[in-house]
Structures are given as C-alpha cells and as structure tokens.
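Submitted below is the structure of interest, expressed as structure tokens.
Read from first to last, the chains carry the letters A, B, C and D; within each, the first residue is number 1.
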C-alpha cells in the first residue's frame, strides 16, 4: 500500500496504516505524505518505511512505483476532500487500485467524474465508511435483511460531536471548516454523510426524499456545523438524521435506531460491541460480540473472544480486510465503493442546496 | 379533591389519586368517575371513598359538593381531551379550583376559551406536565438558568414509545387515535406536547418557529403516530423534537439534551435520578438525586435519600405538592398553568396544520 | 395503622407512612412518634393526623386505641433496633398485629423471644425487607423457581454505601454506630442483613455455612462498617456477600447476581425496573417492568405502565399491600415474617461472633 | 520478534502478533508456533512470515536466529503455563530478551528459577498483564498516586467469566483445566492473577495477607473454577478478589473499585474507555478517553480521538510499546516484569495451598 496524505499531525493517516496492517495482509511501503516534500520525507520516520519511498509528489510516486519489481498494489487516499478526485484519478490512470477516505470527493460533479474514471479503469475502488465495518453493524444489517423487524417503518440516525463548538483550532479542524478544502458541506460532509451511509447500509433501503435544515452556529464559520435532515426511504419508511459538531461534551456519538412492523434495534458507536434488539412480543435482547447467537457476518469480523472489547481501529481494519479480499480477486459485497460514494455525494449536495434555498422536500436521485 | 374521570380500567386516574395523596396534603373524597353512572358508583370501591360521593354526573357533583360543610376544594380532570374544556369550565364556574391532565383542551380555540374562564374565575388552575416534576429536571432548569451551559444553542428532545405500533387496542389506546375524543393531534398531542413543554421548561426559552412533519404510519389510523418537528427558539437556538408511538420496543423514552456555548446536559426519563452534565473544559459530571451537589429546587422535591430510586409517581406528586401550596395561598412558580397550556395547544395546532399543508417554517405565536 | 417511632427528622417513618397509604388500603391514624412526648405530639402535624392520637408513650397508645370504636388495626414499628422487641411484644400482647422495620430485634436472643411472642399471639407479624417488594426481584425469584437458570451454583450479593465513610453525623447515622441502640452488628445488621435476605429470597435456598470478615474502618467506631462474608447454601452453591458503608460515592448500590448450571441473572436496586437474564445458549435478555414477558408476581406489583419508573416507595408499598392482604384474612407467602427475621438475626449473630473470633467456616442454624 | 507458541487454533498468539505490530515498532519474523513441526510450518502461512523461519523446535530457532545477520531481537512466549520457564530460560540463555504471557510460570518454584535466570541474563523480561495497558487503568493509578481518593481503605476487584460453566471443550479450555499444563491454579491462575495484578497496579499497594476459598464447581474438574479471596494490603486496607469461570453469561467482566478516605473510583474492562470518579464532596465524574482532563499516562497511550473506542488489542499493544521502549534502551516503569511475576506466582501458590488446607488468613511474602 502507498499512502497519499497522512503527514505529521494527521489523524486519519495513521489510522489507515494501522487498520490496513492489522491482519498482516497489507503493508505500507510508500507514500506522498504531504504536499511539502520535506514533510513527506519526514513521515518516512513516523511510519518506519524506506525513506526512498517517501515521495515528494504524486506523479513521482506513481512513476517510480510502477518501475519497481515490488510496487505498491494500491493507494490509500487520506487527504482533505478537495484532493480526493485528482489523486484517485491519477492513481487509477497509472493502474493502481484505490481506497479512499470519505467523502468520495468535494462536490457531486467531481464524484460523477471519479465514478466514470473508476468504471473506465476496471480497478478496485473502495471508500472507508468506517462504521459499516463494525461487527454488530453487520449483524444489524443481517438481522434486518432476514426480517427480524418486519418491514422497516422508521429510522433515527444521529451523529453528535462537540469538538467544533468553539473556534476551529488545529490542523484537523482548520480544513474541515474551509469550503476550499472540505467542499460545500461542513458537518454534513464530515459526519452527516457517515450517518447517511449507515442508515442505508443497515436497513438495505435507499433514501428517496429529504428535507434539510443545516445551520451555522459558531459565529463567523463558513460551513454548516449543525444539521437536521428529515428522510423518506424508498419503501415509504420515515427517517430523521441529526448531525452536529457543536454539542459540547459529545465525543463521537454516532447511533442508529431502526423500527419495523414487529421489532426494533439500537446500536451506538461508543459502545460498539452490543446491539439492542426489541422483539415484537415484548422481549428485549442484548446481542454481544462473541455471543453464540451472532451470525457469520459479525462473527467473521471479530478478532477476540466476547468481552474483550474491539473498537474503531478493528472496525476500520475490517474494511481493509474486505479490500484485500477484492485485491486477491474475491468479492466483498459489503465494502462501500463508487456507487455508495455517488449516493453520499448526492446526499450532501441535495442537503446543502435545498437547505440554503429553503426548498422543503426534495427527491434524492442517483 | 374530587375527580372527573378515572373510572374502572383507567390508567391516569389512579396515578392522580396516588400522586395527590402521597404527601398527605390532599385526599380524594368525591368524583364523577365515568359518564356511566353505574360505573362511576363502582369506582367508589376502587378508590375507597364514600359511595355517596361517587356522583352520576358533573352537575350533580358540583351542586352537591357546594352544599356540604366539607366540600372538595378542587377538581382533578382526568378525562379524554375533548372533555377538558367543559369540565374545567363547569368546575371553575361553580367555584372549584382545577388541576387537569394535559393537554389543556382538544383544540386551540377551546384553550383560548378555557384560559379566559380561568382568568375570569380568579381560581387556581394547573396542568400536570408530569415530567417537569422530576427533581433532576428542576435541577437541569436551575443549572441552565444559572448559566452552567452558557447561552443555549441547541436542544434535542425525543419521546419514543412503541405501544401503538399495532392496531390500537384497549381503552387507553382507543380514544387516543379517535379525533373526536383526542382532538386534531394524535401522537403530537399525547406525548409530543410533553416534549415541547419539557424543552421550554428546562431551557427557559420559547419556541418561536417550527417546521412539522407528522406522519400516520399504521394503516387506517386517523391521527398522527410519528412526529418530527424542527424548532427555533426565541434566542436563535436550534432544536429538534421527535415523538413516536410506533417505535417497537420503546416504552416511555422521553429524554432531552441541551447544549450551550460552553456546556451540555442530558436527562432521560427512564433513569430519572441522574443528570449528565458536560462542562466545557472536558469534564463530565453525573448528578444524582441525593447528592450534596444538588440545588434546592431538586433537593426539596426528593423524598428518599440518594440511591433509593424515585420515579413517575413521585414526580407527579411534586406537581400536586406545588398545587397544594397554591391552594394554601402560596406560590409555585414552576407549576404549569393556563399560559403553559395555551402555548402547548398553539404548538399542537401549528404542528398539525402546517404539517398537513406542507407549509414549511411557521411562527409559533402566543 | 399506628406508628411507633418516626418522629421529626426520621427517614424511615415517613417512608412507612407513604408506603402503607399508597394503595389506600391503609391509613395512618395514630402513633407514638418519639419517646419525648412533646416531639410525639409535634409529629401529629407532620403526618396530619388527629393530635389526640399522637400519644406520649406506647402503653397509653395501646390502651387508648383498644378503647376506641375505630382503633388502629396494627402497629408499624420504625424505631432503632433495640426497641423492636419491647414494642412488638407490647403491641402483640395488646392484640395488635405488627409490621416492623428490619432487623427483627437487636440480638438473636431477643429474636427468639419475639418469635415466641408472635407465635403465642396468633397475630400477623411482618418485617419490611423492602427489596423483596420490587417487582423484578419477584420476577427473579419466580424465574429461578421455574428453573430458568438450572440448579443454582453461585450467588454474589453486594450492598455498597458510602455515607458512613466519615464521622457518623446526624440522627440517622448516630444510632446506627451505637451498639446500645443498633445491637452487636453495625453495617452487617443495617444493610448486610438486607443482602442476606435478598439472596435467600431470590434463590429459594438457605445459607448453611458462612465465613465472616467484619471490619471497622473508621477510627474510633465501635461497630463494623465494612463486611465480607463467604457463603455456602444448602444445595452446595457458593456465595459471596459484601456490604460496606465506607465506600465513598456509593449511594445504595444493592445488587445480586445468581448463576445456575445453564443461566444467570443480575438485578441492581438503583435501576430496579430491569433484570438481566443470561440464557445458557448465549442469549441475553433485558426484562423490563411492564414487558409482556413478565410473570404474574411482577405484573401484579407494578402500578404504572412500562417505562414509567417505579422505585423504592412503590417496592415498600408492595409489602404493605401484602400485609393488608393478610390482615383481611388472605395469605401473602412472599411477605417476610418471623421465620425470616429469626434467620436474619442468626446470620448477624453468627457473622459478628465468628468474625470476632476468627473462627473460619461456621454453620448457620435455625 | 520471534514467537513461541501461537499455532493454528490459538487465541493469544495472534493477539500478541497484532499487539506487537500495531505501532510498527516491532515485526514478527520467526517462530516455533507448535511443538509439532508440521503445524509450526503451517503457521508461517497464518502469520505471513518467511516459511524458513517457522522452526520445528526452540533450540533450532534460537541457534538459527543467532546466526542470521538480522535475527529476531526478542522472543514472545505464548504457550501454556508449564512451558513458560523452559522457553524463557532457553531464550535468555541464548541472549534473547523475553516477553511472556502471564502467569510467569506454572509454579512458584519455577518462578524463582526464572527470576534468577532473568537477573543473571541482564536482559529485558516482561509479562503481559494486559489490563495494566488500558489508558484509563493508568489514569486510575495516576489519580490514586496523586491522592485523589486519599489513603486507600478498600479494594474490590472481580473477574467473572462463564465460558467454563460446562465441560471444557476446545483447545483453549482443555489446557486450562489440566494441572499438568496450567499448574496448580485453574481459575485463580488464569484470571484471578490478572485481578491480583490489577489491584496492586492501580492502588500502588501490596497485598500482605489473604484468605482464599477456591472451589471446583463443575463435576470432575481437577482445578478450581470459582474463587473468593479476602485481602489485606500493606497499608491496612481491606480487599476482596472474586474470580469465576462458571458464571453463565459473563464474558470477560474484569472490574475494580477502589475507595479511599475521601473518594472512590470504578473501572470496568468491558467499557474500558471510561472511569468513574467519586469525589468526597458528593460530585461524581466520568473520565473518558480523549477528555482534556486526562493525565499524560493515559493520554500517551491512546491512538484515536475521544469517542472512537479502543479496546483489548490496543491495551495489549501499549505493553509492547513499553517493551519496545525498553529494548531501545529506555525505561518503562509501568511495564510488568519479573518482580510482578514473582508476586503473582506467590499469590497463586498461597491461594491454592491455603484454600486446600482451610488455613484461614495467611501472609503473602515476596
């Protein structure tokens, strides 16, 4: 694996590195870790790779790696959003498979362009919608698909954070509140899109309409930092999506509740190893990672026995495990790809546009 | 106290009786427990009151009680919503103070009429917005009023239930889904209005605008059973109010989260004796009923030492304790009255009307 | 009901009053609320009873009440432990049924004397082991009796409190650390005995042997304030009983865990409306008050629908409801009586004696 | 790193591999993964290492690795307990540093022999008492050391599991119930010793006396599977240590509660990213991984921002990070070593011997 982005001070770069390598199927060997050549070289130390493979720019890396006997097999893109399209396109054009941090691109237009490039290349392309890698999220999806709740009627997905309640300080915060780097969506593109993907992933439904109300709470901010979106799904189910980055004290409180005609379930990211399941007959079950009652989707994605907590890095690694399977020529139907990316970008785009216009209910197409 | 409603099979009548009598300041002595005279008489047994004071109809009760040397001092109205106005008006006209189950009336027009009657009578009138009686709800209100969170920016209040996910069976369910008895609001009038009151009570703010999306999920139902309402408060704060009666497995999950510039708090009705308080400096506190750290509003409203759980009946009794204080000539500034009732009815009315019309953002006046 | 004890400043007296009256089957009408006649009279106001029936001493009360046309039917004893025997005996001798706060008496010898008096009187006698009144404790007992766990192998019952971690100040604390009023047991007699009763109540087993290690942690204290007791039950099951009053920050954390050959369950007093049930096949259920899955023992002992929390007062009231049933000539097999009281006193006695002697494992007889 | 043990079907071998490699400071390059040469070779595939370095036996590995230009720097021992001494001694003698799974050895006598060998070698030696690697365990230790609770008075440490409630089936279970491979302790040596280490680690105190009651609940089992141990610490504090493997439904429920003169704290392994802190003034705080309020010991041992859960593998990796620091010539004062190993073995030995003898309180020396 070669990395694009993830230089000194980065959060998500090291996460990708750990996740990719956790199962020893993948090894980080090269990278353009910063647009600053000196900083890129400095990262060789951080990641403990051959300094000669810490390249000054993407073109050099792609050219050099192609000429090696043991080139990287794929690139992982962990830059801010505005760089996702150019980097992914260049890598695909040079014959490298791509796994990219979400969202797919900075704009919907770019996403269409990238989807075309992926399709033209015939190469694997994946997006790290991390939360779909949690074993109990996969269990939730499998249970709903098997009819445990009956037809889904209602979805509530929330993603509260509080770290941008003040002025956005530090490298992580700065680009997220800058339209030039983040794209048109702030909170909606940073975390709302995770909630959107999770809702479709878990239910197997698609959002067909939405009504968005995006707010900018912190004075002087240029992008949204607090979002409420009402949803309709293609089977008629009703939904609510809330995401915020100004809820002081909230860390990373993503959670989803799904209700059907005869059951309900609740999953919370901050206690990811349990899943609450309400049966229509008045019984409530707690499903726990490691329980004998869990299905194969969840069981195959845990690395420790029940009661030995797994978390964010392990969920992330599950996506890389899926990606490795695809690179080996297998399939990984649950791994998010270009189609998911396009839908997500269409969601961000529709939410931002219609909220600004006060447009009320709007169809979500693609 | 004399009761109107609460006959055999009732849920809220016995709750009012227990709550009223818990502190031994009030005693149930009379009632019209049913519009069916025989059933009303039968209730004398259930409540263990003098059978002679289990009256066949309201007019008889008011007339008879007025002639007694030891009449009831006030009436408690626990009938379905459509009866609230006529009963309350009759009681006030006959010189009896009134405490009524929420909502104030079945319609906003009726609420105006009742507010006028209350005002004209000069008599005490209270509404049992039960959840405002919990000690830690009062603590939450006091903390926010004292600036613990800074200016409030965001409110999320949710009220999930699941008991009407199927066909509405039984006495409790039947009138709630019947517009003739419940009024124009279903879920919004039954529980959404509790959430609305709680949000205003805890924050001390007023909702100035709303955008409502009320749905009827169960086929054939005539009233809403699933509600999402976006809110703006008079200080510019953003809010979300969710209420549902079709979320299978949810019991009575009312909860509220409030975030200000430098703090946040979370309270959940099903674990009512704790309050989570996020400080802006990264500390999180759990406030517990009975802790030395609690303020007087909460401390005076608990009856047991910390760790001895109190619940719904005790919260309800706190409203009756306030009401008793008013009857004795004192004041109870936190006890909901006609003004709260009017605001709540305006909220229901606006939500129902604008949702039906797809009207988008609407001002909430009164 | 007539009360002995419970004067100004008392905690448990008002609790008995509320609990007794909650279902309107019982009414407090008389009492000797203090050994100080003036204070006893003052309590008439607190309890809102006829001042003429707030008596200066027990003999006067018993004599006076016997001569009334409408005498109290029974006495409730809520004094410190050393008074339980004389008060109960006097009441029984005067023909009054008795319900008493636990423990039965201050010493085992006294308990034998009282058991004899109860038996001789032929009158109802009950002990308020409060926690056996919680609906989900009764559910736990019923499930175990029905074999849900298989034969019980292991019991862990804990009762942590922290309020006596410092010097014992205030009326509530003072008598509990005074051997002359509390008896030979401090923490073990105040709360350890609740844990003991709960363990036998829930499992239906009897402790046959124990090894006690009682400590006095706070310097200068004369009674134990921190207890560990190892248990063996009559079916061979192993057990651990922990009780402490010096665990800073703990409020009233009674909890019990029971494990059988093919299941386990967990109940916690501070969240009393749920019960965790582990099935041997790897499924875990949460049973909630109000769920359709609950048995009749629990269902009959709840007063509100699921999700409307009930607590300590309601649990306490369930014992009075049982007692009322007995007074009416019915039966209440789950209501603790003299036999439970004797066992509990034998437990306290054995724990105190053998701990002091370093005696190791000791049989618990009676 | 070279591994001893961890062949096909192993649990803890892969855990060590992931933990060691998580920070890319260590790489698994060689191993004797099984005493069966063919199985050892097969493991090269599982771990994706050079097949030539999957050795048939320990002597071959040590000899071969010593002759390489790029030998392994240390060995990780992940075999059953009876193998810990011979493997560690051989490795040390051959000049390899050692990190070993706990317990140190199968018997106390062996532990003394190994301690001598470690000391003679002058090489780094570490033991993976995993739970001491959790960031919030380190925070707990730091808070207590800084006096947050005042002098410690009481410790309750529990380790409930249920997976050996039935017949012990499978590779993981089989050796743990076999005295020839596990040593004299069953549950006490497998998990009780973790609880013991955690108690001393968090409090900074030493157990000076114990009273052990080890039971064998499952018929036919040869080692203990349910343990209760009463403790005294060197400062006079009282303690209770419970460990069980027959508590059906419990997964890996290690938790510790510590109380001092003016504070208390609670940590639970299954929700490892929070720590409850009771202040003596009635305030209760929740400390969360990632909070600004956390000290450097905890902060340096987290890899993700707050709210992105970390778990068992990350805690384990923290020990390897400490070990890497030692290998580089630095220090890691919190990393368990031979002294901890000896104390732990003395604890197991004393518990097993005195329980069998019914010996009551016994000093714990070393």
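One rule holds in what follows: a contact is a pair of C-beta atoms (placed from the backbone, for glycine too) under 8 Å apart; a residue touches a chain by one contact, two chains touch by 3 or more.
Worth saying up front: this structure is predicted, and the values here are computed from it rather than measured.
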*Could you tell me which pair, A-D or B-D, is linked by more C-beta pairs in contact?*
A-D
*Calculate how many whole Å lie between the centre of subunit A and the centre of subunit D, each centre taken as the average of the chain's C-alpha atoms.*
35
*At what distance in angstrom does the C-alpha mean of subunit D lie from that of subunit B?*
54
*asked:* For subunit C, give me the residues that contact two or more of the other chains.
replied: 250, 276, 284, 288
*Between the chains shown, work out who touches whom and classify the graph as line, ring, star, complete or other.*
complete
*asked:* Show me the residue ranges of subunit A that touch subunit B in the complex, using the header's touch definition.
replied: 149, 153-154, 156, 160, 162, 165, 211, 213, 215, 217, 226, 228, 230, 238, 240, 242, 244, 246-250, 257, 259-264, 276, 278-280, 284, 358, 360-361
_subunit D to subunit B touching residues, read off their complex_ = 276, 281-288, 291-293
_Quick check on the complex: what are the subunit A residues that touch subunit D?_
11, 14-15, 17-18, 21-22, 24-25, 28, 47-48, 161, 163, 250-253, 269-273, 288, 290, 303-314
